[in-house]
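Per-chain numbering from 1; labels A, B, C and D assigned in written order.
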Amino acid sequence: MTKKIKKIAVFTSGGDSPGMNAAIRSVVRACAFMKLECVAIYRGYQGMIDGDFKPVNARSVNNIINKGGTVLKSARCEEFRTPEGRKKAHEQLVKAGIDAFVVIGGNGSFAGAQLFNEEFDFPVMGIPGTIDNDIIGTSYTIGFDTAINTVVEVIDKIRDTASSHNRLFFIEVMGRDVGHIALNAGVGAGAEEILIPEQNLGLERLLDSLKRSKKSGKSSSIVIVAEGDKTGKNVFELKEYVEEHLPIYDVRVSVLGHMQRGGNPTCFDRVLASRMGVKAVEALIEGKSNYMVGIRDTKLVLVPIKEAISAHTAIDEELIRVSDIMTI
Amino acid sequence: MTKKIKKIAVFTSGGDSPGMNAAIRSVVRACAFMKLECVAIYRGYQGMIDGDFKPVNARSVNNIINKGGTVLKSARCEEFRTPEGRKKAHEQLVKAGIDAFVVIGGNGSFAGAQLFNEEFDFPVMGIPGTIDNDIIGTSYTIGFDTAINTVVEVIDKIRDTASSHNRLFFIEVMGRDVGHIALNAGVGAGAEEILIPEQNLGLERLLDSLKRSKKSGKSSSIVIVAEGDKTGKNVFELKEYVEEHLPIYDVRVSVLGHMQRGGNPTCFDRVLASRMGVKAVEALIEGKSNYMVGIRDTKLVLVPIKEAISAHTAIDEELIRVSDIMTI
Amino acid sequence: MTKKIKKIAVFTSGGDSPGMNAAIRSVVRACAFMKLECVAIYRGYQGMIDGDFKPVNARSVNNIINKGGTVLKSARCEEFRTPEGRKKAHEQLVKAGIDAFVVIGGNGSFAGAQLFNEEFDFPVMGIPGTIDNDIIGTSYTIGFDTAINTVVEVIDKIRDTASSHNRLFFIEVMGRDVGHIALNAGVGAGAEEILIPEQNLGLERLLDSLKRSKKSGKSSSIVIVAEGDKTGKNVFELKEYVEEHLPIYDVRVSVLGHMQRGGNPTCFDRVLASRMGVKAVEALIEGKSNYMVGIRDTKLVLVPIKEAISAHTAIDEELIRVSDIMTI
Amino acid sequence: MTKKIKKIAVFTSGGDSPGMNAAIRSVVRACAFMKLECVAIYRGYQGMIDGDFKPVNARSVNNIINKGGTVLKSARCEEFRTPEGRKKAHEQLVKAGIDAFVVIGGNGSFAGAQLFNEEFDFPVMGIPGTIDNDIIGTSYTIGFDTAINTVVEVIDKIRDTASSHNRLFFIEVMGRDVGHIALNAGVGAGAEEILIPEQNLGLERLLDSLKRSKKSGKSSSIVIVAEGDKTGKNVFELKEYVEEHLPIYDVRVSVLGHMQRGGNPTCFDRVLASRMGVKAVEALIEGKSNYMVGIRDTKLVLVPIKEAISAHTAIDEELIRVSDIMTI
C-alpha cells in the first residue's frame, strides 16, 4: 500500500507546449487546497537529478495561466536514461521529502516516469502536455488546440497574399510521426491538400489534385505538409517537383517551425490543464500511481501510463474524408 | 419512406455564432461532392416564407470558412410560428423543388424545424450553431469555442489594468439561462469568482470570497457574471453592493455584449462545422430526418431533435469544483 | 547648474497604458548602459511618499516589453497634491540618493512633476504614457496605437453579427475630453458615424445620417461614441432616442470600458517607448530638466512640460473630413 | 493644362500589402463623394493592358477595409515595361473614357506610372503600398505597421519556447534591400541582435554579442536577420557558423516568409490608407499629376514620383543606437 502523500513535486519535461503553465498552476493550487506541500522542479528530469527544487504555494503561480512556454523550463535529459541518473534523482527526491511527482509532458517523459516508478516504487502521475495530440487514452493533449489555432491564423494571413497573386503555397507544420496538427489545421484553414505521415498520397495524386483545383476556378492553393509526410520529399523538394511539372503555378514555401509551440494558450487548453492538474493531485492522494490523466468526451479519466505510451493515436479517417469533400 | 433527395436547402436561424459560415460551406460542398443540388435560403425562416432562395455551388462558398457571422444572414421570425406562415414556407420549398433542408441554429430554430417536419413530412436536419453550448446531445455547439476565447482574451487585457491598480472588475458575459460561457471562460481567465444562472452563490459568499482573496495577497480580482445569474442583481447592482460593503475595492464594470457573437472562428469551430455539415447531408441522403448532428467525444452522432430541445445541458459540477480550487 | 546625475528613479503614474512596461525597461537599460544606478518606484507618487523603492538593473526588466499594464503599478495620489506630501516625497528621494526621476504618465502626472521641480529644483523628465493621445508637443503618446487597435478588433467582431442581423450598434469608447480614439478607431473600423467631445453633430444630423445610410443600401451600422461626446446624451439615451425616431433599426449598445487600457502593446508602442526611455535618460544626463520627451514625425524632441500640459491636442479636421467621405 | 477629371481608375501593383483594400475603398468612395466615376482595374498593369476593368461605386467596396491582400489582385507585368505594352494600356484607358489613374504600390509600380505619364501626358497619382517602408518622401507606407506587428507577434510566441529551453533562434524577416522591418520588429520584440542590409555587423561581433548575452544571465536569445543582411551568409549558414563556434547554444531557424504580407491591417494602416485615398483623388481633381501621396508627421503631403523613387529611405541611426542600448 502506498504511504500517505504529504508533499508533491511538479515539473515539465520534453518539448514545451502552450498550457503547461496552466497545468503547473493547477497542480500547485490543488496541493494548497488539499493542504499538501508542493515543490517545483526546474528543467525536468535534469533538475530532478541536480536537486533544482523550490517550494511553491498558491501565490507562486499568480498570473501564469495565460502565458505560453513553461515557467519551470524544460529539457531533454540523457542522464535520466541511465540507472545511475535515476538513482541520483531518487535520492534527491527522498532527501527533499517528496512523496510523489506529477510530470507534464509527452510520450518520452511518461516512459521515464514509468521506469522510475517501477524501479523505486515511487508514485508518479502524468499530464499530457504536447502539441502533437498523439497520446493514446486522451482525446486531447494540452497545447494541441493552441497549436492548431496558431497554424490556422498564419495560413489565414498567407491566404490573403496567395489569393492576391494566384500562388501555390507549401506550408510545413509540425508532426514528425503524426498528422493531427496538419489534418485539423488543414481542414480549419481550408487547405487544398494535406500531406501527412500516416498516408502516402503520392506525388501523382498531388499533381492531379492541383490541376483539378486550378480547373475548378480556384485562383490560389494552400498545401499543408506535416514534417514527416510520406511522399518522401521535404517541402522544398515538393516545390521543385511541382514547379517542374506544373509551371502555371508560382510556388512558395513557408516552414512554420517553433512558433507552433508558443503563444498564449487558448481557453480550451487552459481549462483542460486546470482540470487535469486537480485530477492528478486527487489521484495521487487516493493512492493511485503510474497513470496519465486523460479526457474522454468531456470527462476526465485515468489511463495506465503503459497504455498511453504504447503507440501513437491513429489519424481520424472521417476527418480525412471531410478534408477530401471540402476541397472539391 | 422518404423519396430520393436531389436538392437540399441550407440556412442559418436565430442568434448568429462564429463558425456558421464554415457549416454553410460544408453543407454546400458536401452537396456538390455527392452530386446534389444546393440552395441557400437568406434570413432564416423569414426568407423561406419569402422565397429568398439562391442556387449555390462549391465555388459560391470560397473564402468564408474563416469569417464570423453568417453570409446567409439570420433573423428571428414571428410568422413561422403561425400555421399560415409555415404553409407559405412549405409552398415556397415545393415550388423551388427542394427536397430537404439543413437548419443551422439553436433550440428555437430546431423546434420550428421539428414542427415543420411533423406538419408536412418534410425531411429536416439540424446543426447546432450557438455560442451558448446549451443543447442536449452534443458536447459542443458551433461557436462556443470561439466565444470563450473572445471572452478570455478580453479578460486578459482587463487583468493588465486591474493588477496595475488594485481593482475589482465585474465582467458580464452572455448566458441568460446557462453558465457554460461564464464557467469555462472564468476558469480559463483565472477569475476569482464566477456567478452563473444554475447556482445561487449568494451575496454573502461573494463578499467572503472577495475578502479572502484580498487577505491571501491578491492585488486585484475579476468576477465573471453570466447575464442570468441567480443572485438576483445585475452587474451594476453588484458593483454598488460591493462598494458599499467592501470599500477597500475600486470596483469597475464591463459588459462584453455582442462582441461575443463575432470574430473569426477558432480552428476547433471550423473543423466541427466542416464535419457536421458533411454528416447532415449524408444523413439526409440516407433517408434520415428530424435529427440534429451532435458530437460525443470525437465522434459525430445523430440526436433526435425532440431530445435535443428537451432541456438545457446541465453545468459541469466537476468544473465548478475546479474553479473553487483554482481561486484558493 | 544641475549636479551630475548618478542615480535615476522611474515610475508610472495615473491611468495605465500599454507600452508603459516597455518604457520602464528602456529607462532601466539606458541607465545600465550609461553606468548610472536606477531605482524603481512602485505605485507612482504614493510610492514616492512611502519610500516604496527598489534598485533595478538590466536583468530586472527581462520579458516585460510585451506585457500590458505596468509592473510598477500605478495610482492616483491625493497626498502628493499637498505641500506636505511633496515634502515627504522629496525627503524619501534624497534619503535614497536619487538625483532625478522619469515619470511615465499623462497630463496630471506631469503637472505634479513640474510643481515638484519648481519647489525643490529636482531634475524631472516626463514620458507621455496615456491611451488618449491628448498631450501637446508629441504626435503620439505611448498606448494610443494599442488602444485604437483593441477598439478596431472588437468592432470588427461586432460588425460580423451586426451585418448578420441588420442591426445598429452604439459603441462607447474612452475619451472624456478628447475624441482621438473615437475618430481614429472609427475611421479604421469603417464606422457610419462618430460622435466626439470636440464637435456637436446634433441628434438631428445623426438621424439623417442613419436614414441616408439605410437608403444607400447598408444593412447595418456602427456608431462610435466617445465617453464625453457633445450631444449631451450618453450611449443608452442615444439608443432610446434612435429607437423612438427610427424604429426600423434593432439598436444595441456596447460599452468597451477598461479593456482599452490593457493588452500586449503593438510594435509601434514598444518602439516608441524604447526610444523615449533612452532619450529621457540622455536628457537628464545632459543636465536638462522639466521636459517631456515627444515625437514629431519620426524624430524625438524635448517639449517643456509647461507647454505639454497647457491644453489638449486639437482634433484633426482633415480626419473628420475623411470620415465624412468614407461614410458616403 | 490638364482637362477636367471625370473618371478615375484605381489598381494595385507589385507585391501586396495589408491596407491596400482600405486604400482602394478610399479612392472609390472619394470619387463617389466628389461625383466622379470610378473604375477598378484588376491585376495591375497587366489588367490595364488587357482592359480588365469594372465600374465601381461606394457600395462595391463594402466590408473590405479590414481585409488583408487586395481584392483587385496584383501582379508584376513584363509587358508594361515595353513601349508596345504601354501603348496598348493607354488605348484601353482611352477607350474606357478614363481620365486619370491612382496606382497603389511600391517603387517599381511608381516608375512605370511616371514613364506612362511622360509618354502619354496621362494624369497619374501614386499611393505607397508596401510593407518595406522604403519609399522616399513618406514616413510610413501602407502595410508596414501591420507587417511589424505580425513579426512581433510571432517572435513573442517563439520567445515562449526559446526561454523554456535556453535556445538561440535566428529569425529571417522580409527586407532584401532595407532593414526597416528587421530593425523595428527587432526592437519591438526585444531581439538580442538585428542583422540588416545597411550595416555589416560582422560575424565576429555577432559571436561576441551572443557570448556577452549569455554571460549577462540571459537564458535565450533571438536574432533577427533581414533577407538581404550584409554578413554574406543566409540564415541557415549563420546557424551552422554559430553552432560551430558557440556549441553552448541549441540553435534553431525560422523563416517567416509570406505571412508578413497578409493579415488584417492595423488601425494605423487603415487610417493611413483612408486618408491617402482621399488625398490622391483630390490632387487629381486639382489638376496635379505625377505625385505620390506621402505622410510627414501627421500631415499628408504630395511628393514628386521622381523623388519618391530616387532611392531607398535610410535606416534610422538613432533606432540602431536604441537597439544596442536595449540589448545590454
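Details
Throughout what follows, contacts are C-beta pairs under 8 Å (C-beta built on N, C-alpha and C of every residue); 3 or more make two chains touch, one makes a residue touch a chain.
The chain lineup, named per UniProt: A, B, C, D = ATP-dependent 6-phosphofructokinase.
Small disclaimer: the values here were computed from a predicted structure and weren't measured.
The greatest centre-to-centre gap from chain B, using C-alpha centroids, is found for D. Chain B and chain D have CA centres that are 40 Å apart. Centroid to centroid, with C-alpha atoms defining each point, chain A and chain B lie 28 Å apart.
Looking at chain A, residues 156, 159, 163 sit in touch with two or more other chains. A ring topology is adopted by the chain contact network, closed into one cycle in which each chain touches exactly two others.
Annotation, chain-chain contacts: A-B, A-D, B-C, C-D (touch as defined at the top).
For chain C in complex with chain D, the residues that touch the partner chain are 25-26, 29-30, 32-33, 58-59, 62-63, 65-66, 139, 145, 148-149, 151-152, 156, 159, 163, 184-185, 187-190, 216-218, 264, 266-268, 270-271, 274-275, 278, 296-300, 316, 318-319, 321-322, 324-326, 328.
Contact residues of chain D toward chain A in the complex are 12, 16, 18, 67-70, 73-75, 150, 154, 156-166, 169, 219, 252-259, 261-263.
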